[in-house]
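The following block contains the structure, expressed as structure tokens.
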Amino acid sequence: MTYTADEVMAVEAARRIGDGAVCFVGIGLPSLAANLARRTHAPNSVLVYESGTIGAKPYELPLSIGDGELAETADAVVTVPEMFAYWLQGGRIDVGFLGAAQIDRHGNLNSTVIGDYDRPAVRLPGGGGAPEIALGVRDVFVMLRHSRRAFVEKLDFTTSLGDRVRVVVTDLGVLEPRDGELALTQLHPGVDPEQACEATGWDLRLASDVRETDPPSDEELCALRSLRTKGDA
Amino acid sequence: MTYTADEVMAVEAARRIGDGAVCFVGIGLPSLAANLARRTHAPNSVLVYESGTIGAKPYELPLSIGDGELAETADAVVTVPEMFAYWLQGGRIDVGFLGAAQIDRHGNLNSTVIGDYDRPAVRLPGGGGAPEIALGVRDVFVMLRHSRRAFVEKLDFTTSLGDRVRVVVTDLGVLEPRDGELALTQLHPGVDPEQACEATGWDLRLASDVRETDPPSDEELCALRSLRTKGDA
Amino acid sequence: MPIVPLSDAIRELVHDGDTVALEGFTHLIPHAAGHEIIRQGRRDLTLIRMTPDVVYDQMIGMGCARKLVFSWGGNPGVGSLHRLRDAVENGWPGPLELEEHSHAGMAAAWSAGASNLPFGVLRGYEGGDLPARTRVARITCPFTGEELAAVPSHRPDVGIVHSQRADRHGNVQLWGILGVQKECLLASARSIVTVEEIIDELTPVAGAIVLPAWVVGAVCVVPRGAHPSYAHGYYDRDNDFYLAWDAISRDRDAFRAWMDEHVLAAVPA
Amino acid sequence: MPIVPLSDAIRELVHDGDTVALEGFTHLIPHAAGHEIIRQGRRDLTLIRMTPDVVYDQMIGMGCARKLVFSWGGNPGVGSLHRLRDAVENGWPGPLELEEHSHAGMAAAWSAGASNLPFGVLRGYEGGDLPARTRVARITCPFTGEELAAVPSHRPDVGIVHSQRADRHGNVQLWGILGVQKECLLASARSIVTVEEIIDELTPVAGAIVLPAWVVGAVCVVPRGAHPSYAHGYYDRDNDFYLAWDAISRDRDAFRAWMDEHVLAAVPA
């Protein structure tokens, strides 16, 4: 089966979710990846949405983080203050997904502004849960489409820190920390290293063991597409 | 109808609960008084128990603060941390009832130890909610049987402060703050001032306008007795 | 205050210059109340909300707000809030001051406000550029010496939430995703709750919370008062509207025309 | 850890010298778990509970405890805990160290523990003799300059609670008076939940909370495991027992005889 760049991102991120992992997921690609993992190799993974739903099992992908189906299918619904205090800060989350407008070589993220903070060229939505997710979960997974605009030498604003970023899944490949900075460790099928370097605003290092991503299997693609009946930004 | 000393205490305390007052009640006489008020002149008063039940409407008096009927009849049940943070500390309680083993002329209370703290003659249950009730509600009502052992010149231990004590209802009469200390303002029917002074460990002042408590009416006594089908320590 | 029309509640309780929070985490967002504030032309409001979305975009675009206190200001699952961006990037229709937090910080500030505490404590605001741009302080644990973050609590003049239903006494019941609605209401000096319906007696619902009448200011009956947000058990989220809002709100004139037709010309609830 | 017999859970998870909390606010007090700790002869425990009542009286009288952290230690509606008093007043069967708080302080310490914070903040511990006798510090609001109290958070080695039921995966459901059970379980390094029954699937119950299996240590099926406390929806509080305990516990020999017959000689759950 053929597949899109977004699909390979979702599939590759999903593969890295261990069965039983407790995942703090946002909307969009992270929600897609986490739900895919739950439908394939990680049926016991737990989806936690910051809206307060713990163990949500949506049949369709939610458009927003607070869709009703999340509450209806959850093991528990807690208030937002409880979610952030008892659950995220409580250190109970294994994997946190983050997106951003910009990332640097250390995995620091910007989701606040492009340009100067006081007179921004683009005012982005802001950090939301990211600053504390970035420090409060065991492993941070970043999902971000690869471009020089996004993979920058210097962030316009540091919204969250990269200390716990274990993997960055892009539409071209995968970056992981090696010797203190993110290096390319995987390329998706049909992508060559120059493409990834070209789309990166810093001098991207290639890991010594760069490998090709296994192409999405038919099973993965079917499971993924059956999820995508609702919008997924 | 004839009545007991405990009954006149409960009736007199109940009378002082305004309709609509939100009352933080403990078990025993306070619960009896607050429930009586709700059954008589103050049907809109709200009973809050520190176990987390808000707006409880027990049919029978509970033996403990956490009896199931309190939860079943409550408008809301909240956790104990929420009760103390959002509701008591939140400043939403009008009247808090307190008992104690000892009281001094300023309304300070001891419910911790008799004797030295480290080698007590009697280890009492301790403060429980009292320290923060004493400072967190608008008006503190104390209910305490009158005796020299309880009404003392000097507390063995100060568990809670008397700053907001508005009234002390005893089995002999009523004390209220006058010119910086508790003075006798009411005597129950058949009690003479000497009895009250004799039962007080400090030189009890009589207010200039000491009056006799209205005897419990038949209606009050009937309502009270219909409540007392379960134990009430 | 008894059960009153929404227009009366807004007139009496929301004043120019007030700090106002219309809370809701995707679910139960009090859109109708926001629209009434717009109709009544309130100005210079400081708006607080974790996730300002379309209704705050509308209030900002209509010039109600002087300042926004928030942690994530986007159209969930869609993208930007164009009126918010226009205000911040271009000062249209007027400048908008921002006080920006993380979700964890906002949540702690709401809990602290509901608890009558002046600040909330959390592990957060460590590193990055946010701490320098917001109101946060470091605080030291007196027992362990650990450093933590302190955020000032939220104590709005008016808190506004939407819920499914109330009884005739004004006891309010709310279920589904609970967000920070209870905290918002308890932290506020005055409050308004819009409800889908009034019933004789509240019956138990799994997952529901009840806010007793004596902590609620005004209760206003506004069926579909959360639309295009949703009311769990009553109607679904109008995802199409959120998608459509992206185009409506990109252009100042299109935005004004839409507001004129759908909000200003609408009959108050 | 799967669903296991109570005796196995206590053996594996509760060690001599541990800090252990068997929480419950009158409702759902884990008596059976306390009895198993007594049967297994644990020693030098630091016991935490807001309202130590009969089961703690029993554990103290049987010599399990070195220290008690609490806010109200009585027999609710009845009077004293005579074994607790005998330990404090006479050092029998051994000395008992006390760390005494107010309910508000204990509640804040539980919330802080569940939140992975080293301390909780509250308005309290102002004046009186308690602050000098306990672990409390003053803390200053960095924004307003107000002085507040800080209490060290509770972080027990083991938290033990009782609840109505769990499903086969170990997801626990609990309703009625909620107390501090969730906080106790989340604040503890290890945890044990005794339940009335295991069912195939948890169905919604108004007012219920669910603790997912992945935050719960061991689940043990112990019908009537809260008796003489109660399990809302299963059985009522045995008020007569609480009244009877007053006489049983006044006398050391009567107490030992009762414990021998009803606890030590009983078959483990």
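By letter and in written order, the chains are A, B, C and D; residue numbering begins at 1 in each of them.
We take it that contacts are C-beta pairs under 8 Å (C-beta built on N, C-alpha and C of every residue); 3 or more make two chains touch, one makes a residue touch a chain.
What you are looking at is a predicted structure, and each value in this text was computed from that prediction instead of being measured.
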Where chain A and chain C overlap in contact partners, by chain label: D
Inter-centroid spacing, chain D versus chain A (mean Cα positions, whole Å): 41
Gap in Å, rounded to a whole number, between the CA centres of chain B and chain A: 57
Residue list for chain C, restricted to those that touch at least two other chains: 111, 116-117, 122-123, 182-183, 207
Residue numbers of chain B (touch at least two other chains): 85, 89
Contact graph of the chains (line, ring, star, complete, other): other
Interchain pairs in contact, sorted by label: A-C, A-D, B-C, B-D, C-D
Chain A-facing residues of chain C, complex: 25-27, 50-51, 70-74, 76-81, 84-85, 88-89, 100, 102-104, 107-108, 110-111, 122-130, 133, 176-180, 182-183, 207, 230, 232, 236-237, 239, 242-243
Complex contact set, residues of chain A against chain C: 27-28, 50-53, 62-68, 70-71, 77-81, 83-85, 88-89, 108, 112, 117, 119-132, 135-136, 157-161, 230-233
Touching residues (chain side chain D, partner chain A) in the complex: 111, 114-117, 171, 182-183, 186, 202, 209-212, 214-215
Chain D to chain C touching residues, read off their complex: 116-119, 121-123, 135, 137-139, 141-144, 146, 148, 150, 152, 204-208
Touching residues (chain side chain B, partner chain C) in the complex: 20, 22, 46, 54-55, 75-76, 85-86, 89-92
